[in-house]
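Sharing a structure below in structure tokens format, with a few things to ask.
By written order: A, B and C. Residues from 1 in each chain.
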Amino acid sequence: MSAPYAKLPAWVDYGLIPLINLVVAFAVAGLVVLAVGESPVRAASLLIQGAFGYGEGIGFTLYYATNFIFTGLAVAVAFHCGLFNIGGEGQAYVAGLGVALPVLWLDQIMPWYVVFPVAIAGSAIAGAAWAFIPGWLQAKRGSHVVITTIMFNFIASSLMVYVLVDVLKPAGSMAPQTRPFADGGQLPRLDWLLSSFGLDIGNAPFNLSFLLALLAAFVVWVVIWRTKLGYEIRTMGHSPRAARYAGIREDRIIIITMLMSGGLAGMMALNPIMGDQHQMQLDFVTGAGFVGIAVALMGRSHPVGIIPAAILFGMLYQGGAEISFEMPQISRDMITIIQGLVILFAGALENMFRPAITTFFATLGTARSADSAPAAE
Amino acid sequence: MDYFDTLIVILQSTIRVSVPLILAALAGLYSERSGIFDIGLEGKMLAAAFAGGAAASVTASALIGLAAAIFVSVCLALIHAFASITQRGNQIVSGVAINFIALGATVILGQAWFRQGGRTPQLGEGERFTTVELPFAAQLADVPVLGSIYANLLSGHFLLTYFAFAMVPLTWWVLYRTRFGLRLRAVGENPGAVDTAGISVTWMRYRAVICCGILCGIAGAYLSMAMTAGFVKGMTAGKGFIALAALIFAKWKPVNVMFACLLFGFLDAMSIRMQGNALPVIGEVPVQLMQALPYILTVILLAGFIGKAIPPKAGGTPYVKER
Amino acid sequence: MNDIAIELKGINKSFGLVQANKNINLTVRKGTIHGIIGENGAGKSTLMSILYGFYQADRGDIFIDGRKTVIKDPNAAIASGIGMVHQHFMLVENFTVLENVMLGAEESQILTAGISKARNELRRLEEEYELEVNPDAIIEELPVGLQQRVEILKALYRGAEILILDEPTGVLTPAEADHLFRILEQLKAEGKTILLITHKLREIMAVTDEVSVMRRGEMVATRPTAETSVEELAELMVGRRVLLRVDKGPASPGEVALSVEGLTVRDSRGVDMVKDVSFDVRAGEIVGIAGVAGNGQSELLQAITGIRRGVKGRVLLQGEPIQVTGEADPAELRRRGMAHVPEDRQHMGLVLKFDESENSILGYHGDPKYLNGVLLNTDAIRNDAIEKIEKYDIRPPNPRLKTANFSGGNQQKIVLAREIERDPAVLVIGQPTRGVDVGAIEFIHKRIIEMRDAGKAVLLVSVELDEIRSLADRVLVMFDGRIVGERSADATEGELGLLMAGVEDDREAAE
């Protein structure tokens, strides 16, 4: 038995340490800001002002957050099974077809509340389908799901370009995108929600899919922690041998988990396509699949952590747009760096500060000792 | 002999494209054989390409550019090493993080320093690498078959190209005929055996990861200073992942790595060649399919032939002393 | 001038809040075989790890040959002439014997120089100590007994004068163990000093000159072996009189509940680990399978319980066949009345990261009584767990506590409670008391006897011969994948030992 870390109170484990990891990630990002000759403090204040300072900003923040809730949930569900689904980007991209095709078929003849459920199903199915092959390969052939999902991201990219340019583009148009959707393909905005707080939504495309995302988070919680399926997924993720012992079919669980994961990533497509652009454009995913990784790690793969983490990244996207007006050196790519740093500190380096904190708490005397000695073999 | 000439051209292209793959895959070999998985080959190559292009442009020296490329790649490798070895973190997560950090930083710094939309300035003479002609290449070029092979296939490459191919037997020799290689392989299979023999597992793995960083740095330098004359945003375009796939396909053996990379390079060269040209029977193939072909093939390979290729036994698992 | 090889003074070592070594004093005379005995968790391995430089003591001094020595890493230990033969071999499995021996002592950067020197030296060592092994053989293809020889050769190659052996006989047949002891005697005759760490009393009596007893991190006694006894040592080890045998009445076997016919199981390397095994277990009896670890028992258990596929044969559970050569389903076996306490408690029988109540339904989590429609019925699960905690005296009695925080004995009780409370017709158990403290051992043994008396069929696999002889009504011995003999419970250790070493019965030859 080797437990290098003494027991810490739960709030430290799930609250303080992730917070510290986050602060360090941002501090390092601040250094990069310095390196390009700008003030991190001014950048930070622009960020917060842009994200939360006014109704439209909040609207945009929550609009972006919607994307990240879906993709974060997708990565988290896979993590619970011990799988690293890096393919959310491709799954969301292909899910665009699952949204666009039903909408293009129905938008002129049906109202949005009929089209929406069909599109939800379409996006989930398409996303799940794109995750199916990597899942199947891992389950049946042992091919590492990390490599296959990375490959499938690239394949999705090529596929969708082909589809948009050669198939779905209206004749006579140059732009690689579908025709604009009619009313039936447009989701209502949540302006009423913001105005109930006294905020004006302005131009923000904050729409109904946000509520769908919250619902999805709740459903994920119920499934993972309160159902038999979730129990089996978690068993598999903690110990494949125990799963085998318990009669859990490894291949079945892996495939189901990847399908769920892909489906969640796929639902992300609803937000930009039906909620904002009202058409399917090239690369509407804009990296949300990868942000989902950072969100899942920051949120410790739990919906209660994922939602705030998603809002944080939404804040970065919206505030980042604001910054790039005032500081042209700091483009959207800054967010990629922050994303990487969050993944680094919340993921790979998550225990870096633990020894220092453990010592701190030990001297404070609040570290609880386990009263029966942990098992020694 | 039109087909022969076409073949030569394709093979030239193959070699050109395979070089960064070989370097990156060998880099991954050192790391993974020691037990540290490395998904971050892409990020290191990209950062190195940027550093090389930037430094060469600023100092007007190709050698300094190369040194800068290696330096940056090694720095990123050390971050990965710190996270994976010292902090015993998840190695795949660390690799993914490094990829993103490199992706974002190269653009931000590139734009801030050069203001050309994320690229570095075009490299001129002396700032980049040039090709090398082997002796008598011009004279022998007209000799049927062999002359063409000598003049066009063996001669006329960058020094870095010859270096990359030379690294293959060198790596084989290091791995199987030196003490360093013996210990490297041991630490990837059973770090406990290495520890109890009085060898530092940590230092061994750090050295392996540094080797990985050096080779990735050279790979990146090749991209921005030999193959093209300057860094372009996102120029690795997934090559790091293809190198990783090649490494797995090659079952972590140096000579196999070379062949796997040549194969993938060949496919890439074919895809460029076939763009816009109709194939017999199939007709014209959409350009996007050709672009996706290496990735599709990698998946097929991973599914069919690799399946359960056995990685180094201690791979991906941080070393913790048993109590 | 000094005839003291090792002296430890006041060694203290803590890991967080657990004090593994408390003020240990130890004197080992040169040219002797000195035993260190104690239960799991007594601190013996930690002490040896300090001696070998894996850990540094918090306080205390080490004297080697009378000189105070700081051992900060294995290199320093090796330089002081200390060599270690680990319990779990520290060998690189896909290297050759030669490469393993050379590792760490390669002579130079280019290997070829070191290789010929290593070959010569190996040959010399092999001849001198009867440690023959082919230097070009690949480790993973060697039987375990030979692998251990390589471990010893490694230490001798580095010039060890002091040899530490940590639980060396766990993987050996009695005959191989005897051979090992002969080698140790030979080494002793050459003036080497040997530290033998073990929990097996009989070995201590057989081969050591002096024995030190550790208990709960402290050194409680040192005796010349000739002046002590198994009983005294057991009492010192545990701190109270120990019941070495469990009370049990005679068995009254009924119908055949589990029937294995011609079972063959192949491992991933294509080697048949179980070769054409057949036996029955009746209701109301305990059939024990004895044998040294690695003779196919694990594979046999896994095939019977649906975790691994067999290639040939049939298994009948209460008269009905179970899928043994195809896709087996442990869930179905449970439904049909088979319960399984696996050998690997921590990675198979439990999910350490789950809390106790979640583990108490592992494998039975689909049972409608734990479900509320499609959701888990957390109240029902918790109440069920609490009942089991009370009945089996699981401590601490907290169903919400993460299972990793329970001691080995309590973890095993969690598994046992789960499996026994299902009231199965057949109970399959592997290594029930490995890593379990003595108090829990008695409890577990009693429960197993109770199952048998309640008319259940029990199949027990254990590498501890004492446990088998104590519990089983019939003993089958497994060697090299085959059942090589069957005896009743009162067979002598000598008889069983012969079978475990592969000396087959004439009358069983027909199997």
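Basically, a residue touches a chain if its C-beta (ideal position, glycine included) is under 8 Å from a C-beta of that chain, and two chains touch if they have at least 3 such contacts.
Here the structure is a predicted model, which means the values were calculated and not measured.
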Practice task
Once you've mapped the touching chain pairs, tell me: line, ring, star, complete or other?
Solution key: complete
Handout entry: Contact-richer chain pair [B-C vs A-C]
Key = A-C
Problem - subunit A and subunit B, separation of their C-alpha mean positions in angstrom - result: 30
Fill in the blank from the handout: Whole-Å distance, C-alpha centre of subunit A to that of subunit C, is 46
Exercise for the section: Could you check subunit A for residues that touch two or more other chains and list them? Expected result: 376
Handout entry: Residue numbers of subunit C (touch at least two other chains)
Key = none
Problem - Numbers and ranges of subunit B residues touching at least 2 other chains - result: 321-323
Completion exercise
subunit B contacts subunit C in the complex at 177-180, 182-183, 185-186, 189-190, 192-200, 313, 321-323
Handout entry: In the complex with subunit A, residue positions of subunit B that touch it
Key = 39, 79, 83-84, 87-94, 96-105, 107-109, 111-112, 238, 241, 244-245, 248, 286, 288-289, 291-292, 295-296, 298-299, 302-304, 306-308, 320-323
Exercise for the section: Could you please specify the touching residues of subunit A with respect to subunit C in the complex? Expected result: 3, 6-7, 222, 226-228, 231-232, 234-235, 238-239, 241-242, 244-249, 369-377
Exercise for the section: Within their complex, state which residues of subunit C touch subunit A. Expected result: 16-18, 40-41, 305-307, 329-334, 340, 342, 344, 346-354, 358, 362-363, 365-366, 371, 374-376, 378, 395-396, 404-408, 410-411, 434-435
Problem - Partner subunit B, residues of subunit C touching it in the complex - result: 15, 45-46, 49, 52, 54-55, 73-75, 77-78, 84, 86, 88, 90-95, 99-100, 102-106, 108-112, 114, 154
